[in-house]
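To start, I am sharing the structure in question, which I have written as structure tokens.
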Amino acid sequence: MSYNSFGHLFRVTTWGESHGPAIGCVVDGVPPRIPLSEADIQPFLDRRRPGQSRFTTQRREPDIVRILSGVHGGVTTGTPVALQIENTDQRSQDYANIADRFRPGHADIAYHWKYGVRDPRGGGRSSARETATRVAAGAIARKILGERVRIRGALVQMGRHAIDRARFDWDEVDRNAFFCPDPEAAKAWAEELDAVRKAGSSLGAVVEVVAEGLSPGLGAPVYAKLDADLAAAMMSINAVKGVEIGDGFAAAALRGEENADEMRMNEDGTVRFLANHAGGVLGGISTGQPVIVRFAVKPTSSILTPVHSVDSDGDEVDIQTKGRHDPCVGIRAVPVGEAMMACVLADQLLLHRAQCGETGAGRLPLAKK
Amino acid sequence: MSYNSFGHLFRVTTWGESHGPAIGCVVDGVPPRIPLSEADIQPFLDRRRPGQSRFTTQRREPDIVRILSGVHGGVTTGTPVALQIENTDQRSQDYANIADRFRPGHADIAYHWKYGVRDPRGGGRSSARETATRVAAGAIARKILGERVRIRGALVQMGRHAIDRARFDWDEVDRNAFFCPDPEAAKAWAEELDAVRKAGSSLGAVVEVVAEGLSPGLGAPVYAKLDADLAAAMMSINAVKGVEIGDGFAAAALRGEENADEMRMNEDGTVRFLANHAGGVLGGISTGQPVIVRFAVKPTSSILTPVHSVDSDGDEVDIQTKGRHDPCVGIRAVPVGEAMMACVLADQLLLHRAQCGETGAGRLPLAKK
Amino acid sequence: MSYNSFGHLFRVTTWGESHGPAIGCVVDGVPPRIPLSEADIQPFLDRRRPGQSRFTTQRREPDIVRILSGVHGGVTTGTPVALQIENTDQRSQDYANIADRFRPGHADIAYHWKYGVRDPRGGGRSSARETATRVAAGAIARKILGERVRIRGALVQMGRHAIDRARFDWDEVDRNAFFCPDPEAAKAWAEELDAVRKAGSSLGAVVEVVAEGLSPGLGAPVYAKLDADLAAAMMSINAVKGVEIGDGFAAAALRGEENADEMRMNEDGTVRFLANHAGGVLGGISTGQPVIVRFAVKPTSSILTPVHSVDSDGDEVDIQTKGRHDPCVGIRAVPVGEAMMACVLADQLLLHRAQCGETGAGRLPLAKK
Amino acid sequence: MSYNSFGHLFRVTTWGESHGPAIGCVVDGVPPRIPLSEADIQPFLDRRRPGQSRFTTQRREPDIVRILSGVHGGVTTGTPVALQIENTDQRSQDYANIADRFRPGHADIAYHWKYGVRDPRGGGRSSARETATRVAAGAIARKILGERVRIRGALVQMGRHAIDRARFDWDEVDRNAFFCPDPEAAKAWAEELDAVRKAGSSLGAVVEVVAEGLSPGLGAPVYAKLDADLAAAMMSINAVKGVEIGDGFAAAALRGEENADEMRMNEDGTVRFLANHAGGVLGGISTGQPVIVRFAVKPTSSILTPVHSVDSDGDEVDIQTKGRHDPCVGIRAVPVGEAMMACVLADQLLLHRAQCGETGAGRLPLAKK
């Protein structure tokens, strides 16, 4: 527990403001002797980096990560890994006019009420820029999970338009600017988002993250539940307003027999589930099926349309946000969601190993591959 | 952090199995000098108690709570409050036939894989019975929050049928067996659930919990975010598969200007929000608006219809659950959701007071009532 | 972290007051499938139980422990183990006359200042009675450590009189009323403590606890250091005022070459230390040598001699404590110190397994038996 | 809880190796609106800096601290404060010859057994260099405590020679190279340490840290006891082998009536203690008297005299440490001990405020100034 940390044992503490000299994180609890260099982390940061298409903010940040501790001779040493990313493209003057004004939908007034002071430049601590450090931590988490666990994310809805599940193709995700698994949807979205962007408006989105290859047994009965940890992790991402596991809210509309994930035996003595409404989690513990999480991202609050607000003197003002903004922050939330999934799973892997030992389920008669 | 505890400072550790001698919890971090007796807790347990209508399980548990520590002379002493509820109606023989079988949709097989052993009687630790201790803890949390903060919950969807928001009336909630705020919906649900119950099936549901009167400033920027804590708290309730704050998943379909919660000044110098799409939380911190959370509960997995499964010997079996079950567990999840809301808010209140002091926002020029 | 819990992963939360209906603890994080029943715990409680000789308080508590959860079919299930001990010999009237008076050396006035309220009966929460629950938790910790790890404690000083190290014999510890490893010292102490007891006075003491058979590698570099955890654990025992590891304060008087624990190779390829000034811990991590901890216990503050004090009205009073008290609380602190050692080591074992895996050091070329 | 963090709410996470590019820490939980700049921190680092006399290591580190986040407009913002100190004087070649050898008394072999890998340059993570970050964090803690709380440390024993308490003068502490409060002792120590240094040997020491002006009521009954936190904090400092509070180990030799800190009323209605054997802590909670902690530091293990050891191939070797070392690490442990005292007190202040509110004891009839 603390204000700016997450994870039980794979513990990530992040720091930094959007327009400070740098942002970074300390990753504690990393197992020793894992090969690690900046080259393992940079590709994930590159994937999240702004300015890669006309659909994301035009802020130009190279987001070069530097490892400052915890690695020696090319491997982790078991001591904390400090990661740092310099802020290079800080146009703080963009924010001078909003220093004393509270942008609706932003954390401005909440920070003001809580702390009585805030760094207004680029949203300060509440900026989505903080998520870059999560992505960096996620790259380390993936190394702990190993190659058997595959974590992939996709944008499955933008504004009112969801993908067609029949066309879902993971290979499409990296072929468009939206991490969209449906090539037809991607085309439609491009058109719509162009219009929205030109109108100075923004769109919400839904992100889906799937982890395959996970062992059964990760999680805990009550508050370190795997799904509770995932819910907190995803909800802690900027602009996220909802999280669901497996069928999620749709499960509320099902009858018991529709929702049952029935089981049969495979010939090799392993268990086969006939469905995965549960999204890979039962009673807070993984079943070995794909872990499926979706989260809703609200539309970017920074828009050109003037909105009514107030300032710190108690005067009414109208705010029109110019700056450089993502017309749909949901897009860049995809690699962030993947990273949070990786962090939670690595953390739960260590937590499981602590209590139940390394071989865990392996000793039991009923195998699950 | 630990497996069976939640809360940063208002810390609840629960223990107990469905058919053990008792269940209970230890509530640590309770401020001193708060008047507290069993009479403050019992009404909330009574509200959650099974067997109060034909729509909940016929298990008969009086659920009498006993305070074992932390109270002296009628007030809390600042030391841990231990609460205990005896299990009286344990018909463990109901479960003998499923001791080695894994009920689909239940935690049975996940526990088996994780621990290699489990208490099968009534689901053991994974039973919804554990939530009685949360309700008890929630009653203490409400005392910390004081009367200014009002927390209420309601069932807003059962199966495919949502309430009509135009008929939402909090006063109706206690007039039907469903905690339903819409009297017309309650009637329709009664009919439907009767049919479902007789068919041995079950329905999912959506619960909404609202907290009014909360001060602005509760929460923290990154991982102790108020909404992240709420998401974990609600997702940790048995059978919950999704959580949303404010507009939640619907926010994904909005444009920026539709989602803006604009602000104006009241004559008395306080701030007025023109909408509450954010559900009372911005940047992880409360705004003083009502905090609104909804969560989806899947249909009870224990149904009469036989379902395919396997047993611990690796044989295929068909399972028909007889026992005594809730045809819609979402109903009794209402007081549990309220309790979790109370626990999270009390915890965040203490966390805020630690960092920012008691008067916090009060010292600032811009007031928010 | 919380007020009344300790341990990172083997997490013990204790509750209860000296004269409440019961005391107890919840032990979370216990690995599954460990054989456990009350019979594994009771002998340790019996060893600490008051009233077994004229040298301990005449309060008569059978201290019967009851397991309320977390065990099924004779083994732990991985869910929290709740332990409870009823308070049976509560003569609260003994304390009526001190309800508003602050006994010097006791926590009375500190609790008053902190909480503004306290349960004065038997010291309430600050009573050494709380340590019974630690002893119970320690019994579970020993089961996790297994038989290879042997934890033993002894009283090595009472008042001004230390044992003669040349006569140190673990077998003597259970042959006298003092847990004294030196039979000559035990005789002298009996005489002295009889006189002290009759005079209504009390004596301090020093306890030594040794753990043998521990694997190297337990601990962590900075704040989860094995010795830091041990220091906190021992200092948290009532009346303890000092803790040392290995040579402890005596190390301050050594020169570097005197303090060096030199190493040589055994013929079987294992490492042999030529001394153990470090007490089994280097850099916060165990070396496989015996872990040696000593702690100082102040003389019981409850004495017949009247002492100057004040009451809650701000009046000066003289206090003479009658009640039933230990003339040397250090004696019964021996099993408590052993229990805390067991809890810390079990906790660190799980913490090590989480980060480094079960086989840890086993994979390394240089073996340490 | 985590491997490299300490504090409940004022939470310090440190990172970095002796010869990496930098060391640093993240301080989370800092209250907002506290004036803070590098100038508030640097003087404390300067006080601990090596190379200031012939009695400390000749490594030349300017130890310039840089604040990377959490401060805006000259005040803290409530978000994490990241501090960083570059390592500039890294003569890693000094350590090449010991990369595979385990220096007795150092953490080398323990790290090897735990992690199977280590950064041997300057002791890597186990270097006393890490304590610079604690000193930096301590400077922030002092700002939270305010000027009313005064924290001072002194060296009260070097090798076999303790100061004369009759000559104790805080003003002397900054007039000699030893932080020695007794000018006569300082002269004698200078002579002795010169000889020891020239002989390539080293001495142990005892440090005393005193906090005056603290409010009563800080601490908690069982595991967040103020003295337990202090014990862990001091024991976590490199080379510390013992910690005591108040009379500490000497209390073991006292009788009850000698140890009683009797109380009387002052004319202004406040309470006066007639002695402070308890060192300002009763039942784990502060009494408002000076908090007194002493800790023993073992002699530096790096000495010129060759000592027997082994290497990672399992061969026996003799090690003579050349490099640049402190002949008495206890000296530079003085500002570190002060910093840890400040961190623990600030943390407990926040923890108390969380549970009991800001005015706490102030509302009670019996005042303690």
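All chains are identified by letter, namely A, B, C and D, in their written order; residue positions are counted from 1 within each chain.
Here is the rule we go by: contacts are C-beta pairs under 8 Å (C-beta built on N, C-alpha and C of every residue); 3 or more make two chains touch, one makes a residue touch a chain.
The shown structure was predicted, so the numbers you read here are calculated from the model rather than taken from an experiment.
Chemist: Centre-to-centre on C-alpha atoms, which chain is most distant from subunit B?
Modeler: Chain centre farthest from subunit B's centre: D.
Chemist: Which one, B-C, B-D or A-B, has the same contacts as C-D for more than half of its contact pairs?
Modeler: A-B
Chemist: Roughly how many whole angstrom separate the Cα centroids of subunit A and subunit C?
Modeler: 45
Chemist: What's the distance between the Cα centroids of subunit A and subunit D, rounded to whole Å?
Modeler: From the centre of subunit A to the centre of subunit D is 39 Å.
Chemist: Between subunit A and subunit B, what distance separates the C-alpha centroids? Give it in angstrom.
Modeler: Chain centres of subunit A and subunit B, defined by C-alpha means, are spaced 25 Å apart.
Chemist: When you check subunit B against every other chain, which residues touch at least two of them?
Modeler: Within subunit B, the residues that touch at least two other chains are 1-5, 9, 14, 29, 32, 78-79, 111, 114-116, 125, 221, 351, 355-356.
Chemist: Under the definition above, what is the set of subunit C residues touching subunit A in their complex?
Modeler: 1, 9, 29-32, 78-79, 221, 350-351, 353-359
Chemist: Can you name the residues of subunit B that touch subunit A in the complex?
Modeler: Listed in rising order, the residues of subunit B that touch subunit A are 1-6, 8, 14, 102, 104-116, 125-126, 130, 157, 159-160, 196, 201-206, 216-225, 227-236, 238, 241-265, 269, 271, 274, 277-279, 281-288, 296-303, 305, 307-310, 312-316, 330, 351-352, 355-356, 360-361, 363-366, 368.
Chemist: Quick one: in the complex, what on subunit C touches subunit B?
Modeler: It comes out as residues 2-5, 9, 11, 13-17, 20-24, 26, 28-29, 32-33, 66, 68-70, 72-73, 75, 77-82, 111, 114-119, 124-125.
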